[in-house]
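Two complexes come next, and they have one chain in common, chain A, joined by chain B in the first and chain C in the second.
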Partner chain A sequence: MDSALIPKGVKRCSFPQFSIGILIVGAVLLWGVYAMLLCWFKGLNQTGMNDSYGFALWIWADLAVIALGGGAFFTGLLRYIIGKDELKNIINFAVVIGFICYSSALLILGIDVGQPIRSWFIFWHVNVHSMLAEVAFCLSIYFSVLAIEFVPLILEQKQIDEIPFFHNLAHNMHEIMAVFAATGAFLSCFHQGSLGGVAGVLFGRPFAFREHLLVWPWTFFLFTWSAAAYGPCFTILLTKIMEGITGKKLVKDNVIDLLAKISGWMIASYMVAKLVDTWYWATVTAPSKGLTFMDFYSDGSGLYTIWIIIAELFIGGIVPAIILTNKSWRANKALLLIAIILAAVGVCLNRWVMVLQVMAHPVLPFEGWFAYMPSWQEVATTILPVAYGIILASLAYRYLPVFPQERELNPVED
Partner chain B sequence: MKENHSNDKANKFGMVIDLDKCTGCGACMVACMSENNVPFKKDESKKLDSITWMHLYRLTNKKPFPDTEVCYLPRPCMHCEGAHGHPPCVSVCPATATDYDKKTGIVSQIYTRCFGCRYCMGACPYHARYFNWWDPVWPEGMENYLSPNVSPRMRGVVEKCSLCFHRYQLAMDKAYHEGRKELEEHEYQSSCTQACPAGAITFGDLNNPHHQVHKMVKPSKHGGKPTATNAFRLLERLGTNPKIYYLSSKEWVRRLGDNYLPEEKTGEIGNHQPKGHH
Partner chain C sequence: MFPFSFEWVWDMGHYVFLGGMWYAIGIISLGLTYCIGKTILDMVSGKGGGHGDHH
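Moving on, here comes the complex of A and B:
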């Protein structure tokens, strides 16, 4: 039915089969949209948040998808600026993932604020001292850059590509993509960093606060670094999931290996910095506020105990770093899969503690740990971008030449 | 924040709350809610989303009977000065919806500019900021008894204690009308101060050596740390530099005012100044 739209030389499932899949995910998306409308029309009383938990599941989701979507800017940097040419075979997909992640983050932010129609105040009445203002500016502009990076891929759609103007436009955009990749990397450094700064500047919250270098707390640099390190792992993970769903090999092993190796060394170097940061915070910063390291891990409910930092730093950091930096281990498909899953979990866990544990930890000595349970509306609106992402990625895969090596790896006999 | 006020005649309004006198009656909370049109819910059993600009904590020494001791601690917004007028909440607000007024020392909240991101709430270690999870609804007829001097807040914005700033404005209007630029101590008093039956709350200008609050705590010129015996501020060592001071003759109460390492003595936390934040 839609064969005229499918790229040349590749095979896709039947349109009814594709439609059923989209309808199932679409139902989940509608559930999320319903929850979103409830939040917009009835207000944030639809959530499980409270005055002690002003930042919760949504802000974590924002930070997590932006970190995971960091594969777009870092892969772009490696491909266009540093010149790792092999990565041209995965950059399209990295851009699609980045676009999905960043549009999701903007959507969640649009639901998360109490007065969404005033969101433009963040630009109009901007407070230049606020890390959140920096996030808003860089994130919005970078999303525009991602959209520009996405355009050539759309223009390469079979029917559009037949129109000479669009064909030439796509070609010319590819020629100057290094400029956008450089802009994207520059903006990403700031918004990823300022998202880290959101927590690091909170000098009233000893769990989050970090010492500063100039105007930036250490979390600024750690967040940028970790997004660059872990983002490519998420790109590889989604590529593997895509390969699993389609039953095809879409990217050659040498491309995956290169990205995994770079990611591994980035995670390893990030872990060194993160461990130094944790050590300094635990032995210098926290005691200067009258708190011991274990005060932050004494949650009676069992959630925020020492295990959470072990899970974040060891299981989600050191283990994937060791696997990915070892050539023979990352060549092992099972170990590679374990490493990229652990890495994705690790960075999400880091964003979780830097949002929710900050809120949960009692600063006043006469208060106890604060508990929070998300409402179904929060869960649904957090799943909403996942459903949207699956649909967009599916549409992109079906109709656009996302994976340049697909034809070569999966020859189709006409 | 951007205005360059002269600090020569700047006021620094604040409170001293004598915890030895506080009985925990809650009159300050009621007066505050009534004075400032603070909304309430039909069911107030879920306290974590109740709005209480003035909040009352119950502290105990955690000793078994008969050694159990209890202390009530009223907690308004601390109106922190931070370092050089940068309280924890003000510098984080992305839309400049909250501000530190160097003329009065009051941390304001502009309800019509706040878009409800709640970053300020996350930044405040005292939980002094509250979100309007619902639109305000008063029992039928009660809207006729709202204070005309304080605008009610809409759903989706943050609110907090303003140190009854409207009373300051009214007092200043009167003073200007009478050709004065300065207020007498009694002319500007917060509603909680006046409502306290035990006289536990004292309100005034911490910069003015003739005001009771100054005499009671003798704030140091650098950082405002109290020098009077038994005086303390909540979470002093975080560098928030609050303008709400407390008095207690009980060491265990003063110790609960801040976090201490086991080997540290109460009140001996050095001259830690906030560093690293801008």
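Moving on, here comes the complex of A and C:
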């Protein structure tokens, strides 16, 4: 039915099969949209947030997708600025993932602000001393950069590409893509950093507070670094998932190996910085506020105990770094998969503790740990971007030449 | 965001923060204008229309 729209020289599943898959995911999407409308029309009383949890599940999801979507800016930087030419075979998919992640982040913020009709206030009446204002500016402008990077891929769709104007426009956009990629990297560095800065400047919350370099707390640099390090792992992970679903090899091993190697060394260097930061915070910063390291891991419910920092730093950081920096281990498909899954979980866990453990830890001596349980509306609106992402990635894969090596790796006899 | 907004102050914070923002917006806008303008010029001069590999 839609064969005229499918890229030349590739095979796709039948339209009814594709439609059934989209309808199933679409039902989940509608559930999320219903919850979103409830939050918009009835207000934030639909959530489990309270006076202790002004930031909750949404903001964790927001920070997590932004970190995972960091693969787009970092792969773009490697491809267009540093000149790693092999990455041209995965950059399209990295851009699609980045577009999904950042549009999801903006959607989450649109629900979280409670009054989306006034969201333009953050631009018009900007508070230049706010880390979140910087996040809002850089996030929205970087999203427009991602949209610009996505446009040439759409223009390369078989039928659109037949129109000379669009074909030529796509060509001209490719010619100066390095300018957009550099602007995207500049914007990403600042919004990723400012998201970390939001936690690091909370001097009333000793779990999050960090020492500063001028106006920037260390968390500013750690968040930027971790997004650049872990983002490419998520790009590889989704490529592997896409290959598993389609039953095809979509990207050559040398491309995956290069990206995994760079990501591995980035994670390794990030872990050194993160361990130094954690050591300094545990031995100097926290004691200066009258707290010991174990005070932050004494949650009676068992959620925020010492295991969480072990899972974040060792299982989700050191282990993937060791695997990905070792050539023979990286070449092992099972170990590579384990490493990229652990890396994706590790960065999500980092964002979890920097949002939710910060809120859970008592700030006054007579207080206990604060509990929080997200409402079903929050869960549904957090799953909403996942369903949206699956649908958009599926449509992009079906109709656009996302993987340039697909034809060569999977020859089709006409 | 703009000097005519009531809370605007000509200080370092506004110079750096909004200077960076308008710098980024300026580059993106100029880049897009260049692409569209060059495409129109190419089409008018008959250079456009060839089908090559973009990657």
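Throughout what follows, the second predicted complex is superposed on the first by the 414 of 414 C-alpha atoms of A that agree within 3 Å, B and C clash if a C-alpha of one lies under 4 Å from a C-alpha of the other, contacts with A are read in each partner's own complex, and residues count from 1 in each chain.
Following the convention adopted for this analysis, a contact is a pair of C-beta atoms (placed from the backbone, for glycine too) under 8 Å apart; a residue touches a chain by one contact, two chains touch by 3 or more.
Note that the structure is predicted; figures quoted are calculated from it, not measured.
When both complexes are overlaid on chain A, the residue A:His125 reaches chain B and chain C alike.
In the superposition on chain A, A:Ser269 contacts neither chain B nor chain C.
In the superposition on chain A, A:Phe186 makes contact with chain C only, not with chain B. Of the two partner chains placed by superposition, only chain C is touched by A:Pro164; chain B is not. Of the two partner chains, neither chain B nor chain C is touched by A:Asn332.
By the touch criterion defined above, A:Asn172 lies against chain C but remains apart from chain B after alignment on the C-alpha atoms of chain A. Once the two complexes are overlaid on the shared chain, A:Ser14 sits clear of chain B and of chain C alike.
Of the two partner chains placed by superposition, only chain C is touched by A:Pro404; chain B is not. Counting residues of chain A touched by each partner, chain B versus chain C, the larger count belongs to B. Common to the chain B and chain C interfaces on chain A are residues 124-126, 129, 133. Residue ranges of chain C in contact with chain A, taken from their complex: 1-2, 5, 7, 13-14, 16-18, 20-21, 24-25, 27-28, 31-32, 34-36, 38-39, 42-43, 48-52, 54-55. On the side of chain B, the complex with chain A involves touching residues 1, 46, 48-51, 57, 59, 73, 82, 86, 88, 91-97, 113-119, 121-127, 129-135, 154-158, 234-235, 237-240, 255-261, 264, 269, 272, 274-278. Taken together, the chain A residues at the contact with chain B in this complex read 43-45, 49-55, 112-116, 118-119, 121-122, 124-127, 129-133, 136, 198, 201-206, 209-212, 215, 217, 287-292, 295, 358-359, 363-367, 370. Residue ranges of chain A in contact with chain C, taken from their complex: 88-89, 123-126, 128-129, 133-134, 137-138, 141, 144-145, 148, 152, 156, 161, 164-165, 167-176, 179-180, 183, 186-187, 190, 404.
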